[in-house]
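Two complexes follow with chain A in common, the first pairing it with chain B and the second with chain C.
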Partner chain A sequence: MSPDRRRFLGWGAAAAAGVALAPALRLIELAQARSPEEAASALQRWGLLIDTAKCTDCEVCVTACHEENGVTGHGRPATDAQWIRKVSLRDRRTGYAQTLPLMCQHCEHPPCVDVCPTGASFRRADGIVLVDKHTCIGCRYCVMACPYGARSFIHEDVSGQKPDVPRGKGTVESCTLCVHRVDRGETPACVTACNRDGGKAMVFGDLNDSGAEIYRRLRSQPSTQVRADLALNTGVRYQGL
Partner chain B sequence: MIRIAAGIMAAVVAVAGFADSGEKRAGRVAMPVIKIERGENCVAPVEEMRRNHMTMLTHQRDRTMRQGLRETRFSLKNCIDCHASRETGSVLGKDGFCSSCHAYTSVKMDCFECHTPLREGGAAGAPR
Partner chain C sequence: MARTHYREIDGRSGGFYALLAGLGALIAAGLGAAWYMEHYGHYVTGMSNRIVWGTPHVFAVFLIVAASGALNVASIASVFGRSLYKPLARLSGLLALTLLAGGLAVLVLDLGRPDRLIVAMTHYNFKSIFAWNIFLYTGFFAVVALYLWTMFEHRAGGHSKPAGMVAFLWRLVLTTGTGSIFGFLVAREPYNSALLAPLFIIMSFSFGLAVFVLVLMAACRGSGRALGDALLARLGRLLGVFVASVLYFVVVYHLTNLYIARQHEVEWFILVGGGVYTALFWIGQILIGSIVPLVLLFAPALSGSHRAIAAAAICVIAGGMAQVYVLIIGGQAYPQLVFPDKEVASSFFDGVVAAYAPSLPEVALGVGGVALALALTAVALKVLPFLPQSLADGDVEPVKA
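Up next is the complex of A and B:
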């Protein structure tokens, strides 16, 4: 092989490697936190994977959520706000019992958004379903439309809100997937708490990012959506259900 | 002639009434207390802030809520961080930065029905 030919092939190989690596580098970049000047993008879809086999009988996720978001009650379970709750299931015939956290499932086709008369209930580009309390009139159509019972109405005056989580009487609220933390590049409070003090049953990540653990697990292991028959394409998926 | 005289009379009475009510108002409503706790430079000149702060906040509110853009320049959290009182850590209250002007101009704001009026980290004795 002549030196010229060898050099030419070397360049070719370098160029090919560059082309092959570029998309991978792009993905790494996507996995980083957005800068505050960058809008939420449809390239990402945030989601949760909850392994019910690992979910123990604790309430760590519920406590952490309500602490992070300043969700306080008045000791009136019928009307107090509830962003996340533990649900217990029991097979009547075999007696097999399971427990799992249930919250807003961050649907791709959210019924709460369909029914909202003011456009306050909306889905952000990255898949997080939120209530814009500036336009919410408190009609509670979304509360009725949600098949997961994920939304709460604030009946009473609120004080002592967290700076990142405004809450006020007369509006509807639900799990925000800790959007203020996600925008900072952190994981939601429930996931952090579950991995620290709980059964390590929850994984948070970008459902579109092939490098993410949640993507790999959803691709290689069986998982279910709650009420998959409604074809809402939920962002929250369960295993072992 | 009578008509012109009546007109002049009416004008005089109106002006006198206006001046009178103005005096009363000055006696009744306290002038706003504008105490700037921290930072000599706001995000825009004072005149512009006085006239347009509500537009800036509404614009930023929609960007943050809908698009997830968390620019700090016009964010309510950023305003509160500088303007909250050193003693109470709040922009509300008797001499609160927001509430004293809003009471004077009689403009109701509903930001703090949901948002906390307190600076993150509470009342700070010294400027941060």
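Up next is the complex of A and C:
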């Protein structure tokens, strides 16, 4: 074999390998979470889709959330924090009963963010609504403003905090959509638990990603927002409500 | 009219020191309550995740609303040129400052993190009405202090009218801001009304004047000053007009809601089936806060009686506290409408009227704020000439027909 021919074959093999591998590498890149240095991007809008027909009487989403985020109670229901709760509904006229999980709805126009005097309540570029624990002064105006009763004021000392989830007495908190997991490319704890041990009623994903299941289902099936009349464009959507 | 002579109160009697000692004890109790709440957390209060604003906020909002209203007597003199009220203008400005200080102290000490007050002063979200209010409150102190200076300083006497005009406009904006804290809450049916801003303004007229009348009567009595019948009768009639105006706004507010089908349930809650809130509305706000004072102030048999005017002012304050309580706490106790047309139940008290009872620390903090306002007033009256030597009818301008 002449050296020229050998070189040609070598280059050819490399090119073929490159062509074959490039999409795979690209897929890995897409699947990988962004690096911690990279800012959240408005190209994404994280959200949840909850199918109430599949939501059973279980509370695995609630348990998983509170375990993941270190939210423990003191046996005082009126003042203990709840990031997610199961709500039982019964239609006043027809008597039709159903149950669903309710948490921060991660609005595009969050009233909690509007009213916060210090800007501690904020909406990340990718749609996740959070509280900056360093600038929250504990005025509770956001609790007054939230249409979903999704926020809790921390009424006493907290213990057993998780490294990813800072909490503190005298500040307000709510569902973070497990932002620490989302930033690692994982799904929120409630969704993981529901799909593993519950009714598989919850889907998490990017509302802007045409390849995502949540995008396809919202596009092809009916869904509703809670208090849609307020025009807040929630990131959490419900089916069967 | 003879030139008005102002003089400090003597402030050396046993009664004065007893007053200061009593107020000091209440202030200390308030501070102790604040420390207790911050140390253990708010679970030691009656507040919860459903009633996040409790009794301290009732006191704070009342004091802040009354503060802006207390300035009205000065405004009537400077801005509207009624010289009868001019000798009262300094006390009016003083009460505006001290009541606001008392109210803000309560508000700040109830924060979950009062140690982070500096954060509130350095981080602003200008879409938040609370953030506007931080500027409106601090600005009010500056504007009223300047206004008072123009009253005290002869060389600045000519500037009293423009300063009074700025202070008057500022206080209208300030009370609009206080009312809008509630008025702009879209997701709570008992609030969410532009009517709350003008309602708060007229409430401030009424509450502020009631406090002013009582402090004026107490200061004159305590310092042995004459207080003319005609002057007091004039203040009493003005108070009556304000009380009637508040009642008018309250009636319009509820009639509007009664006309709107989706507001029927919240109206039923306040007017009929809300238990303690319904009782406070009818007995506290309407009977004691509106009807009784109107009778005391306008019944011909009582006309101008000092006791009737004092009793009316006390009723206005009691009814005003009931009104703010029904608004703030009743408004939160009423369940939020998250799922219209559904019966709702959860472990987080969805769909039920939230339970609340004022706790001792909350009441102590609120009363401490009132005591702070009164103590600051008493000390100021002693160190600076806020009060005329005499307010007898012959010493102030005769009342025009």
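Worth a mention:
The definition used in the following text is that the second predicted complex is superposed on the first by the 208 of 241 C-alpha atoms of A that agree within 3 Å, B and C clash if a C-alpha of one lies under 4 Å from a C-alpha of the other, contacts with A are read in each partner's own complex, and residues count from 1 in each chain.
In this text, a contact is a pair of C-beta atoms (placed from the backbone, for glycine too) under 8 Å apart; a residue touches a chain by one contact, two chains touch by 3 or more.
Nothing here was measured: the structure is a model prediction, and the numbers come from that model.
When both complexes are overlaid on chain A, the residue A:207 reaches neither chain B nor chain C.
When the shared chain is aligned, chain C comes close enough to touch A:152, but chain B does not.
If you count the residues of chain A touched by chain B and by chain C, you find the higher number for C. Once the two complexes are overlaid on the shared chain, A:171 sits against chain B and chain C alike. In the superposed model, A:76 lies in contact with chain C only, and not with chain B.
Legend: residue contacts after superposition of the two complexes on their common chain; A:130 is shown touching chain B, with no touch to chain C.
Contacts of A:37 after superposition: chain B is touched, whereas chain C is not reached. Within the superposed three-chain model, A:230 lies in touch with chain C and out of touch with chain B [touch as defined at top]. When the two structures are aligned on the shared chain, A:162 is found in touch with chain B, with no touch to chain C. On chain A, the patch touched by chain B and the patch touched by chain C overlap at residues 134, 169, 171. For chain A in complex with chain B, the residues that touch the partner chain are 34, 36-40, 122, 124-126, 130, 132-134, 158, 160-164, 166-169, 171, 179, 183. Contact residues on chain A toward chain C in their complex (touch as defined above): 74, 76-82, 85-93, 102, 111, 113-120, 134-141, 143-149, 151-157, 169-172, 226-227, 230.
Interface residues of chain C facing chain A in the complex, by the touch rule stated above, are 38, 40-43, 47-50, 52-53, 111-114, 116-117, 119-120, 123-125, 127-131, 134, 181, 184-188, 332, 336-339, 341-350, 355. Considering their complex, residues 61-62, 65-72, 77, 80, 113-116, 118, 120 of chain B touch chain A.
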